[in-house]
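Every chain is named by a letter (A, B, C and D) in the order it is written, and numbering of its residues begins at 1.
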Amino acid sequence: MLIINTGGTFNKRYDPIKGELFVPQDNRAIESIRTSLVMDISLQGILYKDSLEMDDHDRSVLAKTIAQSDEQIIIVVHGTDTMDLSARYVANLALEKVIVFTGAMIPFSIDPLEATANLSMAMGYAQNASNGVYIVMQGVMGRYDSVKKNKFAGKFEYV
Amino acid sequence: MLIINTGGTFNKRYDPIKGELFVPQDNRAIESIRTSLVMDISLQGILYKDSLEMDDHDRSVLAKTIAQSDEQIIIVVHGTDTMDLSARYVANLALEKVIVFTGAMIPFSIDPLEATANLSMAMGYAQNASNGVYIVMQGVMGRYDSVKKNKFAGKFEYV
Amino acid sequence: MLIINTGGTFNKRYDPIKGELFVPQDNRAIESIRTSLVMDISLQGILYKDSLEMDDHDRSVLAKTIAQSDEQIIIVVHGTDTMDLSARYVANLALEKVIVFTGAMIPFSIDPLEATANLSMAMGYAQNASNGVYIVMQGVMGRYDSVKKNKFAGKFEYV
Amino acid sequence: MLIINTGGTFNKRYDPIKGELFVPQDNRAIESIRTSLVMDISLQGILYKDSLEMDDHDRSVLAKTIAQSDEQIIIVVHGTDTMDLSARYVANLALEKVIVFTGAMIPFSIDPLEATANLSMAMGYAQNASNGVYIVMQGVMGRYDSVKKNKFAGKFEYV
């Protein structure tokens, strides 16, 4: 299993000098969760962006990273706003892998529960899934085109 | 999906007057995690015991609770010391359900990460599993008889 | 002892729908800290502003609230950017009270330690202080004109 | 200012293998709080005991540590059960110092708020106190013989 961290709200931390949240260029949030686990999980950080700032070049970088990995199961930590676009982009490549997108509505640094629950549920979901691209967020789990963010409610839901 | 809470370390809280940890007669830890999720999850508390104090009568109560539930997917939060015994007891009944045992080595009230990760991974694992009894702990996931607690290392591992 | 909450970073929380921090119109952060204490502390919320948005009218509201209180010891939770201006404004009134300004560089909701330490240290400091206006932040404690925020370092220091 | 850490509930952590809380031979809890502060605070660990296990020899070690310090202000982190005995022991030496005892009813590792509030309030209280021995716990602050633990309520109170 490989976790690819692309950034997004999941990873945001507070900068006390600027007084704002930012996407750090590291994987500290995921590493904190991984400490609780004994399984062997690889972790690779790329892009480190708010998903509103991702474009198709970024998506091609993500897709290449997935395609080149030796791992059969890939978890992608991603911003929630364009998670569906990146998932569709990757799905179009029809890779012979289990690829599960997840993220968080609240930064791990502010409330670790949702981020930890989402990442862990994605990992559990991937374990028994057949090849394909999925989204697992807030307990909503399914094929990438069956799960969508409701931006007004701030929650994910089945399409 | 139904979560059955039997107690165990997962739920322990600190009593400042006695100066010790105890298994509370409530489901507060699981409820805290459930708040982060939008999926519909039922929750039922029974026994509320340290698993070292569970006997076969307790296991029959657990088995009956599982058998009588309308839910197809059952997550059992259980103490780690006799999780394997209870899982075997339930497996012997060959119920037509997906039943995943989980718990925590550290109480949710002390470190929410491991407990949240275990419960969420169990839920994700259950979603795609075929009928049977499983244990999901600390990223180790498999049939109940393929996963075991290593009491010296304080970690779960594959048999 | 009366705690007057005017808002500021101390109180900020995350809005998952807008994806940003905001100053809530409540005193939840201070109430969480107060739960750990057994002493009788009054709490009054006013303004609820980022201190960069405070003007002299706001400061007159704060001053009036302090002057009208029956309490001899007043703790003011305030944003850090203009804490010195508000403290000077109040000091010019030469009230016969102990008035201690405090706040936080990191929201309580993100890291409870600094906010809890600052508020509690301000309360301890006030207990033995003679009448006057003081600032207590991050372990730096003194008369309002002897303590200043270093905006580049993101830390308070003695003038 | 010097913080002397003697152990007690304040410092207790959970041992996942034994399944119990223990007093660690380190100062990690106090160090975590100190990170939020910019003031220069020395820290010295001695004894590392549950205060029910402290005897007069231990108290003489504590008294000697205080007497030999160059610091004028001493904060003693101590278990709550015999905090009054140790404070009286030290008070009998009539040292020309400000000595404030504090601790916690709930371990910092379980709930950081009370421990952080108590230590920080003790530090603020000490800043303006005249020489003497004091207890500061849960917002209750005064001379060592005016503050007492109510073991039935699990709270400190004025005598």
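Going forward, a residue touches a chain if its C-beta (ideal position, glycine included) is under 8 Å from a C-beta of that chain, and two chains touch if they have at least 3 such contacts.
Not measured: the values here are computed from a predicted model.
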Where each step is a move between two chains that touch, what is the least number of such steps from subunit B to subunit C?
2
Maximum distance between Cα centroids and subunit C occurs for chain B
Centre-to-centre distance between subunit D and subunit B (centres being mean Cα positions), rounded to whole Å
38
Computed distance of Cα centres, subunit D from subunit A, in Å
44
Can you work out the whole-Å distance between the CA centroids of subunit C and subunit D?
26
Two-or-more-chain contact residues of subunit A, please, as numbers and ranges.
111
Complex interface listing, subunit B residues touching subunit A
32-33, 35-39, 41, 111-114, 116-129, 136, 138-141, 155-157
So in the complex, the part of subunit A that touches subunit C is made up of which residues?
9, 14, 16-17, 19-21, 105-107, 109-111, 151-154
